[in-house]
Amino acid sequence: METINIGVIGYGYWGPNLVRNFAEVPETQVVAVSDFQPEYLTKVLARYPSIQVTTNCQELFENPKIDAIAIATPVSTHFDLALAALRAGKHVLVSKPITATSAQARQLIEEAYRRQLVLMVDHTFIYTGAVRKIRELIVNQELANIYYYDSVRINLGLFQQDVNVIWDLAVHDLAIMDYVLPSKPVAVSCFGMSHIPGGHENISYLTLLFDTNLIAHIHVSWLAPVKIRRTLIGGEMKMIVYDDLEPSEKVKIYDKGITLTNNPENFYKMMVDYRLGDMLAPQLDITEPLYLEIQHFVDCIKTNNLPITDGQNGLQVVQILEAANQSMQQQGKLIKLKP
Amino acid sequence: METINIGVIGYGYWGPNLVRNFAEVPETQVVAVSDFQPEYLTKVLARYPSIQVTTNCQELFENPKIDAIAIATPVSTHFDLALAALRAGKHVLVSKPITATSAQARQLIEEAYRRQLVLMVDHTFIYTGAVRKIRELIVNQELANIYYYDSVRINLGLFQQDVNVIWDLAVHDLAIMDYVLPSKPVAVSCFGMSHIPGGHENISYLTLLFDTNLIAHIHVSWLAPVKIRRTLIGGEMKMIVYDDLEPSEKVKIYDKGITLTNNPENFYKMMVDYRLGDMLAPQLDITEPLYLEIQHFVDCIKTNNLPITDGQNGLQVVQILEAANQSMQQQGKLIKLKP
Amino acid sequence: METINIGVIGYGYWGPNLVRNFAEVPETQVVAVSDFQPEYLTKVLARYPSIQVTTNCQELFENPKIDAIAIATPVSTHFDLALAALRAGKHVLVSKPITATSAQARQLIEEAYRRQLVLMVDHTFIYTGAVRKIRELIVNQELANIYYYDSVRINLGLFQQDVNVIWDLAVHDLAIMDYVLPSKPVAVSCFGMSHIPGGHENISYLTLLFDTNLIAHIHVSWLAPVKIRRTLIGGEMKMIVYDDLEPSEKVKIYDKGITLTNNPENFYKMMVDYRLGDMLAPQLDITEPLYLEIQHFVDCIKTNNLPITDGQNGLQVVQILEAANQSMQQQGKLIKLKP
Amino acid sequence: METINIGVIGYGYWGPNLVRNFAEVPETQVVAVSDFQPEYLTKVLARYPSIQVTTNCQELFENPKIDAIAIATPVSTHFDLALAALRAGKHVLVSKPITATSAQARQLIEEAYRRQLVLMVDHTFIYTGAVRKIRELIVNQELANIYYYDSVRINLGLFQQDVNVIWDLAVHDLAIMDYVLPSKPVAVSCFGMSHIPGGHENISYLTLLFDTNLIAHIHVSWLAPVKIRRTLIGGEMKMIVYDDLEPSEKVKIYDKGITLTNNPENFYKMMVDYRLGDMLAPQLDITEPLYLEIQHFVDCIKTNNLPITDGQNGLQVVQILEAANQSMQQQGKLIKLKP
């Protein structure tokens, strides 16, 4: 079997993780890295002297040895770079969110489809043992009806220059929800606030409505004194707490809930009773998710299958982010999502 | 100095705490307790054989020895009971929220004012060491400008029969905000969902806007697998984490924040830098808050002063709850609050 | 069925809990309380006006209506009070540790045996849902061979006047071990230190050896800045973490361990591999343990059966404490325990 | 200034960290790595193609370009390798513990002294921001008299082949104690148990006595279901909790303690009162400790100064480990330590 040759664009925060994992996956090798900043390229050479480096990403598109391009640059550049890569006949793995607009995402999907190339978005969380376990529990109906999905993703974080906090952080939750929930949201309301003059929103609250009585809510912030990465998923039969900062018990499954009672009502009596049971923290696969993701990218290239996190998945997330931005500009006005 | 004689109406969940604390405060004594349920009265007698009990609260209003009435009954009954007590010339301490409507609250305030009686609402959290310390920090400008107030108050809780979850739980946060924040909210948006056929909303997300770039948000739920009581208050200079479930370090003050930088911008650089410093968990007064609250009630009766948690304070909270209900019925529509 | 009439001696820290629970258990009622301190008796009367109070405990022994005596006084007084009670024909429930010496414990056991009276020691932890669950797991061989029992029981605690920290705190662990472990210790080594001039040891480390490769260790302290109540029990198949401060998941069962491997050895290779599995936190009975303990006391009185925490159990614990004291005075010298 | 050329022996668990940090420190560069296992050398080449690799460490000693040797091999090989390196005129940085016996450590110290070479032991924790802060607090007398030092260092860990758990884990605590405590232990008692046929002790309890009323205790285990890295240091004025697993608040300083009271004694009264105050978690330097350690190694080579963690420091730790082993073989017999 032949090795797939990779070009990586962008060696800032995420690029080094891509290069390291592409180097470790047996079927791939990185042949070139490009970045605007020469000092980042020096770092590449220090660690991987055999990789070619350039400040001009055009060289990667033109390099006939390169089979696939991984893009780890600011969001505003995703579209141009991914489109150029596809047009040069390269498969593409692009950082989240896939593009800055849903129109751009649609164009990339079309381009990849026409050229029979793999277009995959780097929604890394989808490949974690925790998220895969949660999906398995939900698919197996262990929670029965799902009542709510609540995520808090906050810390004292890097203020991004080209996007606000929902495009930086809520994107993770939207990708996870798209993967684990059985239905799609139909409307979104979003509030956000900027505390930097002229800056993007750095704290935001996003509510998603569905056709059922499921409600989803995402709180993201770059301005919290403590780091929290905690998702609660409440179901009719069971409830899940997914705490990504727990070293070993990231997913806890509570056999808890409520049951309707038929007690004759009276002045103080409630209509419902608790149901309390065991809590189980299942053993999770701890393989590095980016490693699994790259293996999946390779498989899709070889089999010509659609990735789990394909362009359509990236588009779905961007559509919600666009609607959330629209809502945020109108002080939380409820925005309908197109099916 | 004379003892203040107390009548307590309602001996369900909260009433026993009232009776116990009125018994411990030296200047008060409970002379009578009423409840619809004879079995609750049996419990009163088992513990306090000298207290008179009755299923008819009218007897308390008519008892000339009783100086003040404490009401711990469902919300829907607060107005009638408090009004009757005031008209009988009794001072009133009423459970939160003060009434089921703002019109009722206004009428009680007027009645108390006309009769020169103390009308106090039992917003217990205001009397905790934690909340008093937070107010002190904010009043002393230790946080400088306040950027956000975020509260999560969830657990597998008792479904109330006559109110939804915001009237049961968010009421605490609204009372605390009213006490510690330097400004009042100007608009509210609220989403909620019921997961019991015909039941009140059991999960809710409430956003409050202000005239400044302060944003407040409250997440309340009766349907969470874990108990969380955590408030984050972010300021320009410092940030506070108030975790009411921490046994001894309930308030943590983080000397953290962001600072604007003048670095020449480039492709990846952010406009802001972190500021990281020490964390301090101050020693807090651990006197039972209800004890302090009752002492304050006594002081107000004796000095004819307005309580910290007076009718006006109760009204302010009910106005927001009413607007939140209104917003919830219109899928989060932003509702302006009257000044 | 007739009510069992109770006299309680000592109304300091623990006495009020005894009185409250004896009042709540349907088959018992407290008829008299004695204490040296008149102000404590005032508290009894304030809450329970129908209970007789006295500063002279002799009156309880002489009261023919009293069937059983509960003793909640300093350790040094246990023997005299319990002996007098037994000689007066009363059943006895005595606080832990049962007596100040093993000789005293033996004499009480004999006296109770001769008079056919129930002698029970108040090892409250034995009646908690957590400890009962742990015993069940061990009895059912879920852990297979037990490798270690490790307990840490520390906080900024009340310095006792008549006993050192092991007689105050390690007594709990020794009682629990006696109840849950399949074998008895054969030797003890103990180190302790006093940081108060002339005071008893306020920090101590106690090691227990068995006939197998089980090792037990108890760390107790009155001088720790944080409260810890955590026991680890390691078995061949499973391991338990019992954290008494966890609000709802006090017992966690880890399906973890080690397995011997047959890999050809080499320079860096280890002989053993981990085994990692799920963690389960079983739902526990949350009935107040003192309530269950008193019900058991009543049962034993009625059926003339030996209690779970009988005199023999109390003696076993005191023997180890005596040996530990002896070891502590000889700088940790290993002291053999008599079978 | 000239670059210091480094040879690294051993590329198993710790070697890659050494190579990475030597590569990042500006004044050092790794020129050669040796390991018995060819597959480890393949890993070196994959990351650092310019580094020479060999399975014969003799080549490193003979390489005239190499100024210093870093040794990251099993303990049993430390002495031979370090001695050979010193005799070849190379400075030495050797993993902990420095040697397998104190006699060996003394010989290395002498050899390094005679040849004017730097001999440094890799007690990495000494260079963490947490341990440096603790030493600063103790040196500045903020705790006043120190009452106890208690460390728990347990997890489901790698069973070592050539040493028991105290040589693997307690070595860290002994090095930290040597660095932060104002006095040296005078005697040691140690219990340990093996749960693998023919294996080394995998759980151990080590008690250290001093000339004062300071007591130290270390609990180490490779067989715990949860990971704990927690040290309590109790002083007369303040107490420290150092939890190495806390992401950001590793060191907490409690303004807590006890004070003697002059209250007239009575039946229940204690002789001491608590003192409760604030808790402070100071901001710590988060530079990677190995980076700082290597910078210090370079400084010592250039200035010919003794390192903080010099041979003497390594010897001190090994002497205690030897005495602990001796005690363990005699069931905890107290072993005097030579001054």
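Which chain is which? They are A, B, C and D, in the order written, and residues in each are numbered from 1.
As a convention for this text, a residue touches a chain if its C-beta (ideal position, glycine included) is under 8 Å from a C-beta of that chain, and two chains touch if they have at least 3 such contacts.
Since the model is a prediction, treat every value here as computed from it, not as a measurement.
In terms of C-beta pairs in contact, A-B outnumbers the other of B-D and A-B. In terms of the distance between Cα centroids, chain B is separated most widely from D. Chain A and chain B have CA centres that are 38 Å apart. The centroid of the Cα atoms in chain B and the matching centroid in chain D are 52 Å apart.
Residue positions of chain C touching 2 or more other chains, listed in rising order: 276. Residue ranges on chain D touching chain B, taken from their complex, read 249, 255, 276-283.
Of all the residues in chain D, the ones that touch chain A in their complex are 23, 46-50, 227, 245, 247-248. Those residues of chain A lying in contact with chain B across their complex are 12-13, 36-37, 74, 147-148, 150, 152, 154, 156, 158-161, 187, 189, 191, 193-196, 199, 203, 205, 207, 209, 213-215, 217, 219, 221, 223-226, 232, 234, 236, 239-241, 252, 254, 256, 258, 260, 265-272, 274, 276, 331-334.
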